[in-house]
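Below are two complexes that have subunit A in common, paired first with subunit B and then with subunit C.
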Partner chain A sequence: MPLMTPPIGSQLVDLGSALLLLTCFAIVAQRRLSACVDLFALQSVFLALTATLVAFLTGIHHIYIAATLTIVIKAIVIPRILKKVIERLNVSRELVMHINVPASLLICGVLVMIAFLITQPIIPFGHLLTRDSLAIALAIVLIGFFTMIARQKAVTQMIAFLVMENGLFLGATAATYGMPLIVELGVFFDVLVAALIAGIYTNRLQDTFDSVDTAHLSELKE
Partner chain B sequence: MSDFTMTIAVSLLLLAPLLAGGLSLLLSSSRWLHVTNLTSIGTLVAAEVMIARSVLGQGSLTAFGEIIYIDALSSVILFIIGTVGLACSLYMRSYMDEQVARGVIAPKRLNLFFFLFHMFLLTMVVATVANSLGVQWVAIEATTLTTTFLIAFWRRRESLEAGWKYLILCSVGISLALFGVVLMYYSSLRVLGDVSSALNITQLQQVASQLDPHILKLAFVFLFVGYGTKVGLVPMHSWLPDAYTEAPAPVAAMLAGVLETVAVYAILRCRGIVDQAVPPAFTGGLLAFFGLVSFALAAFFILLQHNYKRLFAYSSIEHMGLAMVGFGIGGPIGNFGGLFHLVNHAFAKSLAFFAAGNIHRRFKSVEIDEVHGLTTVLPWSALALLIAGLALATLPPFALFSSEMQIITALGSSGLPGEWTQPGTRFPIVVLLLCSLVAFGGLLYRIAGMVWGVAPKDIVPGEQWSVGHVPIILLGAVLVGFCWALPPPLQQLFEAASTLLVNW
Partner chain C sequence: MLNLLWILLGGYAIGILLPLCLPRRPKAQIITTTAPAIVTTSAGVVVGLLGLTSSEPATGSLASTIPLLTFAIRLDPLAAFFVLTISLVGLAASIYAIGYIRHFDGRASVPTLGSLFNGFLLSMTLVVLADNGFFFLMVWELMSLLSYFLVVTEHEKAEVRYAGLFYLIMTHVGTAFIVLAFLIFFQAGGSFAFEAFRHPAQTLPEGMKTIAFLMALIGFGTKAGIVPLHVWLPHAHPVAPSHISALMSGVMIKTAIYALIRVYFDFLGGQFPWWWGFVVLVIGAVSALLGVMYALMEHDLKSLLAYHSVENIGIILLGIGAGMMFQTYELKEFAALGLLAGLYHTINHAMFKALLFLGAGSLLYATHTRNMEEYGGLLRRMPWTGACFLIGAVSIAALPPTNGFVSEWLVFQSLFLSFHIPDTFLKLMLPLAAAMLALTGALALACFAKAFGISFLALPRSTHARHAGEVPIPMRIGMALLATVCVALGLGPMVVVPLLDRVVAPFTGVSIEGQVLALDGWALATVNVEFSSLSPPILAMLLTVLSMLGLGIVAAFGGLVRRRYYKTWGCGINLTPRMEYTATGFVQPIKRVFSSIYQPTVKLETEFLQESQYFAKRRRFEFHVEPIFQKYLYDPVLAFVTALAGRLRVIQAGSLHLYLAYIFVTLIVLLLFAV
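Right, the complex of A and B next:
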């Protein structure tokens, strides 16, 4: 593979990763559900751009396929599904939060530091052009994980899951120049089906509980 | 056997559930749905027998240009998938038909049920035979997606809740495992270069000792947390009791008996690679520690249960913890014990859930306090419940006793791995024995109350013979039989698999 590592390219990839992280914070701070979906779509676009950049710099062609799929599935199809789900719901905002926005943002800041700390010992081993992205990817995964715990609406939890998936994909693209194509296709398929299933669930939850607040899901207890 | 026969056997393994799943959506009569189901699972078992024989004779095999990799360990897992799947299929013949007859589900929804059931089987088979760790991840995530609607199949409030919880918790857990896979790839790229086979087990095993230990350690932690969620290890277990309670009985049996086993298998596969670069005490310590914690906590939760399906769910966590302890200690006895425990647990737990399904249908309640006098109401199911209960409490004439003894022997002779225990300390073994005593008491007390006593007046006594009783009798016989002697081919297979686990 033609491994050009111009510093400018490396910095551009870092910029793309940083933009992804920034949208993560925006999602955490956002209360309106439809805005969260838009932000997720924006994040997916950044992800696709970063992936295209990596593909261009390294000359590995199958990353282009992954970038195209990211645009189609994560920036167009899944946001549409989520928007449809939200339209059917009687609520458009996250009203009750376990942890308020400023505190959430602070915690996310700490998570970013933890991510850099964890990956510190292994980053020097990467001779690749984008090794810092691994830390950012882990940070995004952790923030997604946190959002899932901190938010109650089924839709927000789904977005948090998708954000985690974006983080993983960034890790896979930036740190390892993409996983084997068969794996990448499988992951896309799984994510798409997961989003569809979650959509069906929110409809059923809405019909049965008259709410998609997962706090109502508390009948199964010890 | 030639390569050609093996290719056919492997294709049958994958095609049988795929075709049956497709057919299930088209057929309209329940009789044909069951025929398709039994034919497909029968084919699956036949293919497995052929593959296992070849693996025993000629060692591991790869097929379709190294996409498929099967060795003795995967053959054992395939054996569990096939046998438990067959038992469930026979049981479903009477179980699902009765649900349709009673009007619990519309006849049309049977199609969906069988479709999802076959996809569930397919994803588990793929997860077991895949050579690439990435494909294995994709398949395990797909098991989550196929089972979530099976868990929520009755569409009651509680089942929707259980299904959603399962979907979210397991998807998140599995995402962490994907990060582990990415890290694994990150480390192997530096040795193997950017080739699509850099995640293949066959490739990784050859170069494992050259991989970077720091990256592998981090990768294993993520993989362990991710797949551990699927196994139901404490503290990632909270989805498990809900899912097992709400799922239809045959699905609960598959989840408890097979899905957990496949997740354990995924952990063991990764461990086999990590252990070559990192001292085995690292992975072994993690496995044994979380196994012991799960075992101990689940034993106490068993005491608190008022719902017999939850009782069995916690007993699942307990036994998976015990098997993990076995694998964590390692060595010939520990690994054999762990593997044998997985098999025995799969049989005992399916038997338990079949009995629980029969009881639930008659008593319309999952509360232990509302079920009494099973000996008069459902004599066969009472016997099944008793056998399953005694086996799960690891009493002597049942197979789980012998595997638990092996694990305890291994613990006694080698002690826990890792730096956090002194060599030769008796503490872990005392904890293990005390907790198994607690679990034993809890299980027996609850089950004795259900089996004996005076039946409530409004319950009709009498148990009609049905196809669903065949697997119950067979499983009971196997549980007793495996305590005394393993059939020689099976013993060879288990020994080959544990040898593989000892020295990768």
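Right, the complex of A and C next:
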């Protein structure tokens, strides 16, 4: 049963979403690798908080489970895997960028505007208290994708991929109060496996090219 | 009937699975791969005959979870006719395989080969039985893929891999066109069931009908091997194991003929503008003539046979094209005759081509080469193979009293009947097609005089040929079976024509059985006895009597001449195999006459003795026929595609980030479009 009035609850959800978006920008602006991982963990915590809030407001219990899994997998396990990869491979701390930080931030700003523009016609049709978060979710997905393109190291790309996943999770929560539990569980498993595979891939990259710079992959062309 | 059909499909399924499960003992392998096929193809012959004679088509179907797809089968007379053809050839090929498959021991996996063989038979049977467009495309694709794997049985040879790839690309290009044709029907009817294709197809706009006609012609034509889409046949057919070549050349390419008749006469309801039939006729005439001309220049026995498949598909299309034109002008009896002639030639060609391929396989088995120049003198060493090959050669050269003669005669007659068409242009063109067919027949005779003469007569030209021996008994039985069918189909058209009439009647709306059979069923007439008629049994009797008479005269009066056995006079030199007529030499005159088509390159190098210019030390003779289609059609297309691919490589930089950026930009653009 709703314990808070919808406007306040809705605004709190919006706040959580905005914090997610903010961490996104922080990841884009960050020049150090390990800080990126920490920021991702922080973002996951924000996501879990937002999800818990939604569960609390709507009384849908399975979102609690998803939130717990988010904390365990995305805020603890995966950051640890990433840190280990960074340590083992001696990845230099500096990020290598295709696009420098100011330009990246500008582009991300444009992407957020695009996301709001695209979702504008849809949002008024929604009747959920989370509906405004849809635009932010899309913005996070787009920024995650952009980060994949703009940063060269394989580890950064993994982080970007996980950010995208966070965006999708937020989007699912925003649009339909989360997917059925079985789907959520599947997605978590997939993310974990993807992180493991990407870890192995990074290792192989290091072995082959003595670097985790994916730009070297173009040498594989005949 | 339906039960029998399920047994048929189940039998092949056993044949697919059994060889793969059983222990790897050679004897067991041979039995498990061939026995199910023999039993099932025998059942297939029965099913075909029952389907031809039953009044109602048998249908059956299984629903599937995939939308638009139903596993529906339907056995109408047309399908039954092709089931009969497939099963007959399949039966002979599987008996033959008992002996032939040993040839592959150690070189290829016998269970895999047998399993694929059964699967290939199953897929061909399902192609003609399918009653749903989606299902048809599935089994059609299955047939193409299985035949590809069979073609590349000896994949360790580069030549085989090249042929396989060539075939795979050609057949997929063809399938793409077929899919387009079916989608047109689907759009009109809203369902992939053939039943829906049949009726609404008549409401298709004229333009769509024309597109469907052309797509089907190109798509199925690729499989059938019409000129200029025939180039894969002489590559793929020779390199496959011979009993597979027999199936591919004998029946697989006929499934395309089946599909063409199904689409034109069944789906499109037999209502066409005149030029459709004309296009089919022209393609038929050109395929027939060019097929036989290229066959003449081939010295690889199996390539030669592959080119003859092009020729015979051309002859079949001549009959069908004539039928289509008569249909346009509402001359129903003649339309039925043309179609009947085409179908008759279809089964005939299946029989004698399979027989010849099995014969070629026997030669390969005995001599380990496909090059005719290394044969010679094999008749004495392989009398059974020789006799069977001779029957096949006589049939394909359309000499009486064999089956090729009867069906080609019928095709001729339907072309001659063109004077009934109320159009001067066509009145002129059809006899021209008949003239081209006549030339084709003459060249085919020359070609098989060469093929048989060079291979089987005179002295062996190589050690292989000298040490050749007769092939194992199962192989002989397989060939003898087909040879018998060839002769029977030639002598008994009165039995065959009524059956074919049942196939044709639903499409043309008239039964011409009564008009084609004359003299109480002892002779064939072309709709009108006065116009022309033919009685194969009487002809055969006459031939026998005349030859007996000739032999009798020789026996009676020949005794007067004193006999003396002595070796052939060789101008004082001992005769050696090197002095024999070669295959190259045999076709030299034809090559000269048609040099504008062949555009041959001849290279003669002579090295003289130092002492005198009058004595040659060594001569080298090289001769190539210009592959016109390859050079002027396929190479430009290939060059264009390669150039285009080269351009496209610019965006394939190999950079992960670039690829991601492509996806990202596409996503953003699409999202903005959606707003």
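A few notes on this one:
Criterion: the second predicted complex is superposed on the first by the 211 of 222 C-alpha atoms of A that agree within 3 Å, B and C clash if a C-alpha of one lies under 4 Å from a C-alpha of the other, contacts with A are read in each partner's own complex, and residues count from 1 in each chain.
The working rule: a contact is a pair of C-beta atoms (placed from the backbone, for glycine too) under 8 Å apart; a residue touches a chain by one contact, two chains touch by 3 or more.
Owing to the predicted nature of the structure, the values given are computational and were not obtained by experimental measurement.
Once subunit A is used to superpose the two complexes, subunit B occupies space that clashes with subunit C.
In the superposition on chain A, A:98 contacts subunit C only, with no contact to subunit B.
Contact with subunit C, but none with subunit B, is seen for A:117 once the two complexes are overlaid on the shared chain. Of the two partner chains, subunit B is the only one touched by A:208; subunit C is not.
Looking at the superposition, the partner that touches the larger set of subunit A residues, subunit B or subunit C, turns out to be B. Look at A:145: by the touch rule set out above, it reaches both subunit B and subunit C. When both complexes are overlaid on chain A, the residue A:171 reaches subunit B alone and has no touch with subunit C. Note on the chain A alignment: of 27-35, 135-143, 297-305 or 567-575, the part of subunit C that runs into subunit B is 135-143. Across the superposed pair, subunit B and subunit C both touch subunit A at residues 118, 121, 145, 148, 157, 214, 217, 219-220. Within the complex, the subunit C residues that touch subunit A are 652-657, 660-661, 663-664, 667-668, 671-672, 674-675. Partner subunit C is touched in their complex by these residues of subunit A: 98, 114, 117-118, 120-121, 142, 145-146, 148-150, 152, 157, 214-215, 217-221. Contact residues of subunit B toward subunit A in the complex are 132, 134-135, 137-139, 141-142, 145, 148-149, 152, 155, 157-158, 160-165, 167-168, 171-172, 175-176, 178-179, 181-183, 185-187, 189-190, 194, 196-199, 212, 214-215, 218, 241-242, 245-246, 301, 304. Against subunit B, in their complex, subunit A makes its touches with residues 1, 60, 118-119, 121-122, 125-127, 134, 137-138, 141, 144-145, 148, 154, 157, 161, 164-165, 168, 171-172, 175-177, 179-183, 186-187, 189-190, 193-194, 197-198, 201, 204-205, 208-209, 214, 217, 219-220, 222.
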